[in-house]
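Chains here go by letter, A, B, C, D and E, matching the order in which they are written, and residues are numbered from 1 within each.
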């Protein structure tokens, strides 16, 4: 059964190729169906493998499948190989699982789009790349997937490329990611220079056995983190993610919520031993950046009016939580939160997508409201997602977030408080969104003329292809927490499952104040969540207090615009200066020589006056000079 | 070492009963003459002949590739005949892993250009020049005699000069002249260097010879002499590559040259410089090359960043691609002078990769020009909406040029960088940022040209034709294949590279970094199980 | 006679040098081709004088032999030169050397 | 009869300077027959000339073979020397005469009067050239030079239709006379310093007087004056000044002859005088040669850049070629390596190149010998592709592009220079060559890449085609198989003295 | 006595030379050339080169200068050339530098190596009363002896001269081609 692993990436790839070749003929909806089937079946295979792994004893849950030797040069021997172990399978599971759901959803969402087949072509390619990323046996194969997903995200963000904003957003995403890639490449260079291999086993083994100097480990860790920041939209590189919302909503759900953006977390977990071997401060850096990002994004989300922008910023914020976890050594918690987040954030995104679809591509929440009446399923599922992210027990988000905060507390109180504050804000802005979209009075009538405006202006519920995934996911969003319940050691199923990966580097908080009083913290978390929700209701539903949505928050602390102005202003000037330098100085020198020769030629021509007597004079002059030399040689 | 070379020579003889390398040079040469003599009345025959000859050459090169002995790092198919014995010059040809794929690339590119791109007038002359050019390029990649190399290196200028000047665009004559004189200026020093090398080697060898192998193996130069000689060669190659700041002939030449010319120019001509650095820099003057390392690494790094930045700001699409070449070749030079197994192998591979991807890019730009009669980015818009397949092709080629894994560009670039990182850490870290810039300038250009709503000038943009499609398919196929499965290439390149590194280590105080298993043995074992 | 200082060979040589210089100067300042030509004759004569003097100094008759040949050369030169001049003058009477500047640059 | 008793004439081995006699005989025969034979056919004149030249060439080839057994020797009490060097020079000169005659035969414009004298002068000038090349005595050298020069003055002025021709003649004549006065004065001072006019005599007396403490200013100034004279003849900067005007003004056929035979003779003389005669003082004059060489190369190539008349361009290029040959001389002045053979090879190759180039010039210039501007060459590739191709070949050869004889020549001198460690001159020469290349490119551009100004077809006389064919063939064959020439020329030696 | 002769001759030579370069009328220039030639001839005599002195007078003064005058008359170019104005700038200073330079350098050289030239050599058996033709005899031996080749060459030279004059003198209707 394990040997069928090759099927997992192969199936989506086949789907991709088939659509490349016959996409036009297949057309709608068969292209979509094909893609969905491919992804789903690959999910089935993964599930099968998962169960097989479960059946194996822990130490045997680690298999390498080598296809062929990819880049063998001297000491560098990189194979095209897959690593099957709990972590990769976990990732593969929810990638393919959620992936197939979103495929299904997309069939409905992309209905009627001229480039329907192309969309699914990209989606399948993305799934393939993502699987390469998570299944990669060495950094390079992961990097292959890493870049693959980046490229697909570029394609998909600028899917409606005739819209300049979409095109720009795609480019921005790619280039920003490249900055991260630079970090990841440098990390690989360091690893190879130090260990002489790029395989996770090799590197991690070296790290665990102390074969990796702390300084090198730190270097690798930090560089990997740079890479992660790029992919997982952390400060300072998060800027591309909000813009990425230009893409179709399924894309946002799949790539920019569930899967790709979490690959940074995955990578750091993979390399946990290296982080562990690095100087402690590197972990603190990661945790701090995570926490700050979380808070930063949350504050921004408070003031957004675009339904998807809110979710985008909340994604950034949640990713910040995961990095906080990583930095605090809570790898399991990180993965845990990644999974649950995948559930409810995908759910939320698709819900918003359904809303947008129903509203004829209206995204401004100020023009919505009271939609629960017209699209009930969407509303209910969305509300479930909201509860999950807000951290209301027993929904999935509660457990994972709480786990993270627990470790954070044990690690660093300050970061814990930042986390709590973020949680509060999260509850606040999510509630705000729910209220603005589904409750209150309907505000869509009075904008009939401007909005998408085709046919009737009353929103409608989406087709089953879209609602079905919502239902499934909401189910997961409710129950997702079971993976890892804090009640007893036994209930830490996920932790046991991931044992072989993280046992070495997972922080041990046994006996710390935090773990002793985790029930207290748990309670606190619940209180916080409720407080946030209450506050939000007070403001937006009851209108008790005035909404605090300062313009600066709406503008994301001016961060993005500042960068834009730097790039567009001084940056552009500098580049132009270089170009001008090349044209005038470097090339100018070359051309200058030519003109000099011409000038000299003209000068000499004047000597060539055509007058015999001056010729004689020149000959004589030459003679005199020459004779002078000879005379000197003779006399001296 | 020498004995091994002759051994391989015999092996080569055994494999190739007839002198295939000489044939590779002479066939196009003869072809050029035939084409010139053909009558103008039946142009289609002219084209046919040229095509057949170039295809034949390409086939021979592939045959040679097939017959190439993977595990032998030495020169193969060696053929040596005395030529100008008065000056100890011999017709000495040979191919090893370093030149192998350059020869094959030449063999492939020329037929593609001849079949795929039409000149718009005087086709006969155009084809004749192209064939002559092919002969020259082949010659310079195959020569193992300094003199022989020089004359091929030099003769190439003439056909290229005519191609640019005769079939180029508005500023063609300026560009052609600049190209000719600039390159000639560089080789002026090399000529003196070559003679000096031979004259000085005579003191060790006892007889005058221009034979590369003999000199490299048996002659030793005083430290400073070696450096001066290396310098004289380096100038020529630096101009040819071109290395910042000697690059300014390239944008003009590339931009003004006809599409076919640009493809060849980018595809193989520039490689004569980088190849020269390997063959006549590292191999001939190891100590001096090691001494010059820092300077060249710095220039290469500057070139990478500088070229990329300059490219970003170009308003002419073709010029942009030209500047991207400056950046890419910077990588190759970086790899060459980092002198590690990976970086050198990557460098050699990147020569081919750049030939493919940039060549293809020039083809695509040429097609755009065919359709729109402009290369100005500002005048192009939204082409993807009207010609999606064309756009897709452009995208793939572009991604390979950006260096996205899974495509050829990445493998070379990555090998170069990871190899260089060990011996030239900081240069590499800086150079790696070039990867970001590459994405920037290409994607920006792509967005401006292909994205957005097409204005009415571009709304009639013709979708790719069958002929163009097949032409590009070959390129894309190679791009994809080498990206996914580079091993056949690497395993042939590496033995020669390792041999070269050993040579450098033997003749200088340089020590290449070793990993467990080290380069040579490990790789060989791997190649074994590879076959 | 009472011993007055005797002119040594150097005197003659120096005189010749002066003559040569004057001749050269003349070639450069005179515009009439014929006169320029005469100046060249002056230079040749200076050389002749030098030869003869050296012949005496070295007590070697060859010096004088050379002069003999030089005279022949001079004669031939004159004939040819005057021929050319005549040919030109025929066409453009009374031209000076400065008028002959169609070829230049 | 007393006199007869005491007179001892040296025995004269007539066969040893057969080529000279043949040329002289040819000249006399031409004059006599041409004047005495009634209705002497026009066409016969060039035929006789060429026949004579060929005969002389054959004779010198025979001599070349004989020299396998005798290493070279001087005859008639050291007046002239017969050695590989002089014989090779003779051979080149005779070839130049033959080709020059072919070209001149095209200029048989009735308006230009009876060509008889012009061909006679061609032969006499050849005599002078040969004498110069083989002279072993400064006086003989001087006489040879005068014979050559006087003939050339006349030939330059011989086109009676074009005033430029006479102007060129007069300029050449005045400056030539001026220069030969310097040369003669140099001989005089040299004679004063060494008590001999015989080159080998000078050499031996110089070797003898190394120890003499007395100042040798006279000797050195003599050398200087000598160098002025010879430098003028080889048109080395700064004594090149006359070259462009004369080359442009003279009839094209004459120009080609001047550029080839004239240079050969002058360089041969220079080499013999300085390498054989003044070897002892090499340290004094070699630097000067160095300067002259570099100056010539740069002046020649630089000034050519802005020219608009192809004939004049070629004149300037001939100056930079002279510079290259001087590089060979400089190398030879190190008394080791093979600068001597390199310069001779260069001369041989250059002769063929220049003949071909000027032949094409004649073809394009038309009967009036006037259309030599760059415009006349515009779009030549469209009018006469073959001609354009041939000219391009020759031009690229002059630029030193590989697979042409020109490259072999340049490579030869550079090699010679570098082998004796004078790198500076080598690099300077190559850089100069790059500047020079621009000139050739300009011509090529206007031939291939510009539109013809006139559409009227230009018909080319057969003889011209013959010359072009010979020259191009020589250029290419030598480019691919330089051995043919090199192996022979490596044998070039001076007679041991 | 000797000194007197030298001074007189030198004056003739230099005076004549200056005349050649200063006299604006070519005829006068030619005549002053004669003066120089005579001066030279005198010096030849005082160097026991009687034969050359004779030839100098006959050939040079007698033939060459006459030829000059003849041509001048023939072409009627005896109009004076204004010697005071110089169309070409810096020509005269340049000429002065060159003339003086060559003169100075050679003189310097001669002075520097005076000792080589010593006094009057005695090797030349000067003509005396008992054998008046010693000089001629000696010259003859040389010319027809060692220098016979050169002597023969002079014939070629004269041949050239003859052919040349014929070529140049022949009248051709110049159809102004190339103008």
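Basically, a residue touches a chain if its C-beta (ideal position, glycine included) is under 8 Å from a C-beta of that chain, and two chains touch if they have at least 3 such contacts.
Not measured: the values here are computed from a predicted model.
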Next item on the list: Using the contact definition stated above, find the chains touching both chain D and chain E.
Entry: A, C
Note to self: I need the common contact partners of chain A and chain E, sorted by label.
What the structure shows: C, D
Check: With chain centres set to the mean of the C-alpha atoms, which chain is at the far end from chain E?
Finding: A
Note to self: From the C-alpha centres, identify the chain that is farthest from chain C.
What the structure shows: A
Item checked: chain C-chain E separation of Cα centroids, rounded to whole Å -> 5
Note to self: Based only on mean CA positions, could you tell me how far chain B sits from chain E in angstrom?
What the structure shows: 70
Margin query: Rounded to a whole Å, what is the gap between the Cα centroids of chain A and chain B?
Written below: 37
Next item on the list: Go ahead and note the Å separation of the Cα centroids belonging to chain A and chain C.
Entry: 97
Notebook entry, point to check: Using the touch rule from the top of the page, what residues of chain D touch 2 or more other chains?
Noted result: 139, 143, 146, 150, 153-154, 157, 160, 163-164, 170-171, 174, 178, 185, 189, 192, 215-221, 244-245, 438
Check: What residues in chain A touch two or more of the other chains?
Finding: 605, 608-613, 616-617, 620-621, 623, 627, 631, 634-635
Margin query: Output every touching chain pair, sorted by label.
Written below: A-B, A-C, A-D, A-E, B-D, C-D, C-E, D-E
Check: In the complex formed with chain D, which residues of chain B make contact?
Finding: 83-87, 147, 150-152, 154-155, 157-158, 161-162, 165-166, 172-173, 176-177, 180-181, 184-185, 188-189, 191-192, 195-196, 199
Margin query: Quick check on the complex: what are the chain A residues that touch chain E?
Written below: 609, 611, 613-614, 617, 620-621, 623-624, 627-628, 631, 634-635
Notebook entry, point to check: What does chain C use to touch chain E in their complex?
Noted result: 1, 4-15, 17-26, 28-32, 34-35, 37-39, 41-42, 45, 48-49, 52-62, 64-65, 67-69, 71-76, 78-80, 82-87, 89-91, 93-94, 96, 98
Next item on the list: Show which residues of chain D lie in contact with chain A when the two form their complex.
Entry: 170-171, 174-175, 178-179, 182, 215-221, 223-225, 227-228, 231-232, 237-239, 241-242, 244-245, 284-285, 287-288, 299, 302-306, 435, 438
Next item on the list: Spell out the residues on chain B that touch chain A in their complex, using ranges where they run on.
Entry: 178, 182, 244-245, 247-249, 306, 309-310, 312-314, 340-342, 345-346, 382, 384-385, 399, 404-406, 410-411, 414-415, 417-419, 421-422, 428-429, 432-433, 435-436, 439-440, 443-444, 447, 450-453, 484-487, 490-491, 494, 498, 513-520, 522-523, 526-527, 529-530
